[in-house]
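Before anything else, here is the set of structures, which you'll find just below.
Across the two complexes that follow, subunit A remains constant while its partner is subunit B and subsequently subunit C.
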Partner chain A sequence: MNTAVMNPSIGIERSPGLWSLAWKRLIADKIAVISLAIVILFLSLALASFVGLIAKGWNNEVGVNYAPPTWFKGSAPTEDLSKKQAVNPTGPSLDTGLAKPEFVNDRDPLRETVNELKQQLGQSAGANSVDEIKIVDPLADVIAELKKKLGRVGDEGEKETESTRLQTLAFGADKWGRSVFDKVVKGSETSITVGFAAAIVATLIGTFLGALAGYYGGKVDDALNWFYSIFNSIPYILLVLAIAAVLNKKGILTVVLILGLTGWASIFRVVRAEYIKHKARDYVRAANAIGASHSRRMFVHIFPNISHVVLVQLSLYVVIFIKSEVILSYLGFGVGVDTVSWGSMLNEAQNELILGYWWQLGAATLFMAILVTAFSLFTDALRDALDPKLK
Partner chain B sequence: MTTPLLSVKNLRVTFRIDRKNTFEALKGVSFDVMPNETVALVGESGSGKSVTSLAILGLLPKENAKVDAGSRIDFDGKNLLSLSKSEIRELRGDKISMIFQEPMSSLNPVFTVGYQIKEVLKEHKNLTGDAAQKRAIALLKEVGIPSAEERIDYYPHQMSGGQQQRVMIAMAIACEPKLLIADEPTTALDVTIQKQILDLIAEIQKKHGMSVLFITHDLAVVGDIADRVVVMRSGDIKEQGTTKEVFANPKDDYTKALLSCRPVVDSRPKRLPVIEDFMAGRAEAMRLEQRSRGVKESDPIVLEVKGLAKDFYSRDGLFGKKTFHAAKDVSFKLRRGKTLGLVGESGSGKTTVGLTVMRLHDATHGEAWFDGKNIFAMSEKEFLPYKKRIQIVFQNPYASLNPRFTVGQILMEPMIIHNIGKDGADRSKMAFELLSKVGLPEMSFYKYPHEFSGGQRQRIAIARCLTMKPDILICDESVSALDVSVQAQVLNLLQDLQDEFGLSYIFISHDLAVVKYMSDEVMVMSNGEVVEHRDSDALYAAPQHDYTRKLLDSIPKGLHA
Partner chain C sequence: MFAYIIRRLWQIVPTMLGVILLIFFLFNVVGGDPAYLLAGKISNPEQIANIRKQLGIDEPYYIQLWIFFKQVVTFNFGQSWSTNEYVSSIFATRLPASLMIGIPLLILETIIAIGIALSVAYVRGSLTDRSVMVGCTIAQSISILVYIIVFQYVLAYKFGWFPVQGWGNGFFENLFKYSALPVLIALVVSLAPNIRLYRTFLLDEMNQDYVRTARAKGLTERRVMLLHVLRNASIPIITNLMIQLPGLLVGLFLIERFFSIPGIGREVILSVERSDFPVIKAITVYVALATMLANLAADLLYKAVDPRVELK
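For the complex of A and B:
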């Protein structure tokens, strides 16, 4: 209806619609603006990480294992270990999904002997070659082969990592020496993607079914309510397991589907209630009187009048699903090992905590808490701003 | 002369709308209420009458209402405006009490009426136990609740609207107040009940010797009970004087307009004079020009309804069904360019008939012949082309327009659905024409419904119907929610449109005077049945059925007979 341009004869002073009024109310609210800014910050963080601007090398081992946060250098339990591990060759990470072998005892008596011998021969220590080692170890060939098979490339890699690994990192490092900061940023990309995508899936399903149930009522309503009740009677984790088993693949898409397919119930009830309320309103009856079809009444007339409810519910969902993703990943139903999410970080942190390495847990929790709090506050402010006290 | 019980002097109240704007709701209002006197405060919406009553009770919202320092409200020797919160609370319910417009929402639904009356007694009179019980029963008896001993344990929903209002009155007089403020106490009630409540208030006032401040928008209502009348408009007092003076010889143009823009039963001017006509001084001439109504056998029939019946079902128990007969065997003929009035109290089935005729409800039985076809027997699809030819204007103009559509969208939607007009440009041109036809500025096209007043919204709703060029327009209480002066404007508009397009109206209303003014034929309904159906003049001149007579007797006459 591009009629605004049709009649230029009158001075057009458009009335502000609901959304622009709501926006005005929203930006008048300080808390809303601050929380919105934080949410936008997180979104841009996730976007930047998605296009590869930051946290691209989250999977590289840049620090020593369990490197403490920079401002936490003096931490007693790690000092000794990290020094030892500085010479520990771990090499580039494996993409095979195999657990990495851990070399706790990293002193190589063999190499020490070789270096000693070399020194005696007047050669410089450190130069490595299998031939030299052979002098003292007839099995060196076999070992080198085995090492190659394991994907470890000779000793060059060892040297490199020795020289570049950092003692401390801004947010510390994990078991493999990967930067916790990069992980948590990459993790926010995963969590935010999952949160928003699952919220949209659940909202679409719940709104559509809720609209049908509320608008038509009667048998349609009964059937959908029946479906919904049965759906809700199955224990949540069982349902998640079942869907995970059916999809049979770990990954972001799976988590989105699990959350979306199991989470539509609450918006279904809200939207259904709104449709029941609105379908009896005079404006809907008036739409019927002028001959508007059912789908027109449902989506052209009623939907704009309840869209604020849907939006608030969507916003609530994002918060809920970000938390759910964390829980799912923590339980091991979440994203696979090739990606990182806040939940998988918490899962890893579980074993680290006993050893006193709390920073992975701390970083993931801090980021999640900030985003979830900001988003919840924003949702509240949004609900207030949209509260349709139509004059 | 005695000193007044309540004396409002130069009351000014300003509301803060936002940071910059303020709105002066009362611009220096002064009036007195003597002991043992009924004063009526009359005005339309926005006149400031309710703000006045809230100011007296100290119930103005503290955060955005400001009472001018020079204002005084003296009650019984105390300035109410300078009392502390707790002192005012002492007075409220004890010396001053109030009854509200909506008894259904003023009573707490989870407590019995007896409990709620006893609560007042406990609060102010320290009556508890048996004494309170006795007093509560006595009060219920006094306000005319039959078998009060039993009803004291009823919950509000178990009583009818009239009885609920009686309970409210019982609560209000429980502490023998000196001043009773009645804020539109009869507006939500049927006309026959309204009369009973008015009589009750008058009777109690005399018996207890209290003063009553009666707030209403309807001047005609107060004629019977008020000693003095104060007419307000936009925060000013336009006129005050004894009821006799004001009714017989109104001085202010606005009062004159209020008195005569309400249709009366014994006169039918061609157009109703509205406030502008009085301001322009042409009202007298208009009153003389009469319109004749009535139908002749030769008038062509547009719609013939035979034996219409509508049942509603509700669940009763697990499998049972309860049937409610909302309309039983209703038959009528609607003639081109004529109006059929449908009168009755709430629950009489008049709205059901209207909605069923245009198939917003499915008829349980019956036929409706329109254009040679029985529209009740058609499928939804077959009916669509006929749908646009029968249109409806709903009662509540605040609810019947989609708040998310601009007026332009509202007007063009039916054209899109029914393929009227070539394209967007053509349709918006038609929409602009219709806006000017119903007397709205072109600017309205771009505005949202909430930016309009009730009367303007009703014009928009009428314009929406006109987009489809209907043959029949059903007006379901279309003017009932409007102020009397606005009501007159909308009635005039409907008249003009009927004259111009030859529309047939089914005019549904509980207001007999309005129906008389608009209708050629009148059908009186009670409990789903038609009790009387005749030419309007004949029916009003000599009602045949008892029920019709009772309805006609209940119309407020405006002045003591």
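For the complex of A and C:
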């Protein structure tokens, strides 16, 4: 009973609705509050990184290659990292038993060809500029750029002054010396964007089709159920990979479309069942009596009454899609190379781990685990809060 | 019973036609002309012309669809675009490796997950129960990629307990040497969600009146849990197992890829990387068929487990 009945002196008071009751139950749950706070923290991180407040320069090489995390300085794999880096930019070979043969690029076949050509032309051989090499190799300036990225300027082994680069970074640095912290924040932005956008796409499609099927029933229901059974019979990840193969394109939008277009089936089923239950209820018949159209009854009258189910499904989707995006990006079917995602970080980290550089793996794993755990716990709490009978 | 099976098989037909239509739409309509895709991948123009002819690219869509339909029914998808291997032989050679990982995994996972779920459900609300549940939630939040990378690095590479990757020829060599670590990783990954799920199923049954009756009769706890509760909870457990079954064929794709195991899942990834459409098409269509048959098998199993179930 609501308070208005028990205290007539207060007068007419609105009885608390589903949402305010659910909210009260939610904030009474300690785990829910903590996980909600973590989710909000991640969302604001993603937003801050989106507008460029933080992690703007994730692509800049701010540290030495594989700079260790600051708090891990003492036990870094090699004491004198910077010196070794200068000699062997591919990273020092460690006692992992996988000593790579030292690759010293003394001989440059390109330059020899250029020199030969020059000699034929009667010019003096020697150091030649990028422009000259470009005559033979159209990619010369790209290679020069890459060499520069490796910490060398030009071809003469002239090292970029290491003093401008940091020896250690908060979360360490990757192969190119980019800050792992910036990357993991940028990766959070990508993963959260994809997770939420794909969840919204899937929810919109699934809710709309589920509403049609449940509300109209009959032939519409049969047709949509047939459509659903097609999507349901192909294992989710196989369908995702098949569409990735067909689209053959990378980028955030593609991933959102792939995940959203394939994932609508589970919400369809739930929403359809809710509409079947609600369409015969008195309030819908009353709406019919006052002349509400079909679409008005479906979306203005019934939808608010089932929206809590949709909300829970939506947050279930976010977790599933964040995990799927990581796998897609890891395999190289996800976001492009110009964006960083937790999946692409894991891909890089896999090779780094063998060399003993675990921090990129650690950072990506930690951030993903915290967000997904918090979001899953929040979803559970949300479901319990919205449907107390379930407990 | 027989009539029921026939009817269910008949119901598969329209869904299967839908799957064929969907795959056709994706690969022939959205995917378009393979000549554009394969330019640069296959240098031989004759081969591309051949592929286009096989697919009937220049014909109207209904003829292309008919060609595809015939391919599905006759199990003849022609040759792979990249390796020229026959698609049917790809299936035949890749399937054993996938099953070699999948079947031991399914058996171990079911036994262990039910065992742990039974013991935590029995002491529900206790510290053990809660810590196992928290552990499961966290374990579920870590990407499967991390498990594979870390386990492969630590157990195989650092400690040398398992081969880092590879696949042999002998049955026992593969079973005990090469599939040991992949199965272990898949087990760790799949246990967490399954324990949570089975615990819910068991708890639902443990609150029923028949459990109280059984206890009141003076049955031992072991008998109550194993004979009464478990038998009743086995229907949703079987559903879950059957849903997972077809996924095993492709679901282990990451593990197969990391450990260079020549299975169906790895083949899917390779084909996606190479835009090898015939292979993806064939795998998708037949895995969909396997899924529907697995669902039918699940319904038949219900009857075996619970005589009250009526097959309609």
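Points worth noting:
The definition used in the following text is that the second predicted complex is superposed on the first by the 270 of 391 C-alpha atoms of A that agree within 3 Å, B and C clash if a C-alpha of one lies under 4 Å from a C-alpha of the other, contacts with A are read in each partner's own complex, and residues count from 1 in each chain.
Following the convention adopted for this analysis, a contact is a pair of C-beta atoms (placed from the backbone, for glycine too) under 8 Å apart; a residue touches a chain by one contact, two chains touch by 3 or more.
Just so it is clear, the structure is predicted and the values come from calculations on it, not from any experiment.
When the two complexes are overlaid on their common chain A, residue A:313 makes contact with neither subunit B nor subunit C. Within the superposed three-chain arrangement, the count of touched residues of subunit A is higher for C, of the candidates subunit B and subunit C. Residue contacts after overlaying the shared chain place A:207 against neither subunit B nor subunit C.
By the document's definition of touching, of the two partners only subunit C reaches A:234; subunit B does not.
When the shared chain is aligned, subunit B comes close enough to touch A:283, but subunit C does not.
When the two structures are aligned on the shared chain, A:190 is found in touch with neither subunit B nor subunit C. By the touch criterion stated above, A:344 is placed in contact with neither subunit B nor subunit C.
Looking at the complex, you find that subunit B touches subunit A at residues 358, 360, 384, 387-388, 391-392, 394-396, 399-404, 406, 408-409, 412-414, 417-418, 424-425, 427-429, 431-432, 442-443, 445-448, 450-451, 461, 464, 468. Subunit A contributes residues 1-4, 6-7, 10-15, 17-18, 281-283, 285-293, 296, 301, 304-305, 388, 390-391 to its touches with subunit B in the complex.
Chain contact summary for the complex, subunit C toward subunit A: residues 14-15, 18-19, 21-23, 26-27, 30-31, 37, 137-138, 140-146, 149-150, 153, 157, 246-247, 249-251, 253-254, 268-269, 271-273, 275, 277, 280, 283-284, 287-288, 291-292.
Across the interface of their complex, subunit C is touched by residues 96, 226-227, 229-231, 233-235, 237-239, 241-248, 323, 326-327, 330-333, 342-343, 346, 349-350, 353-354, 361, 365, 368-373, 376-377 of subunit A.
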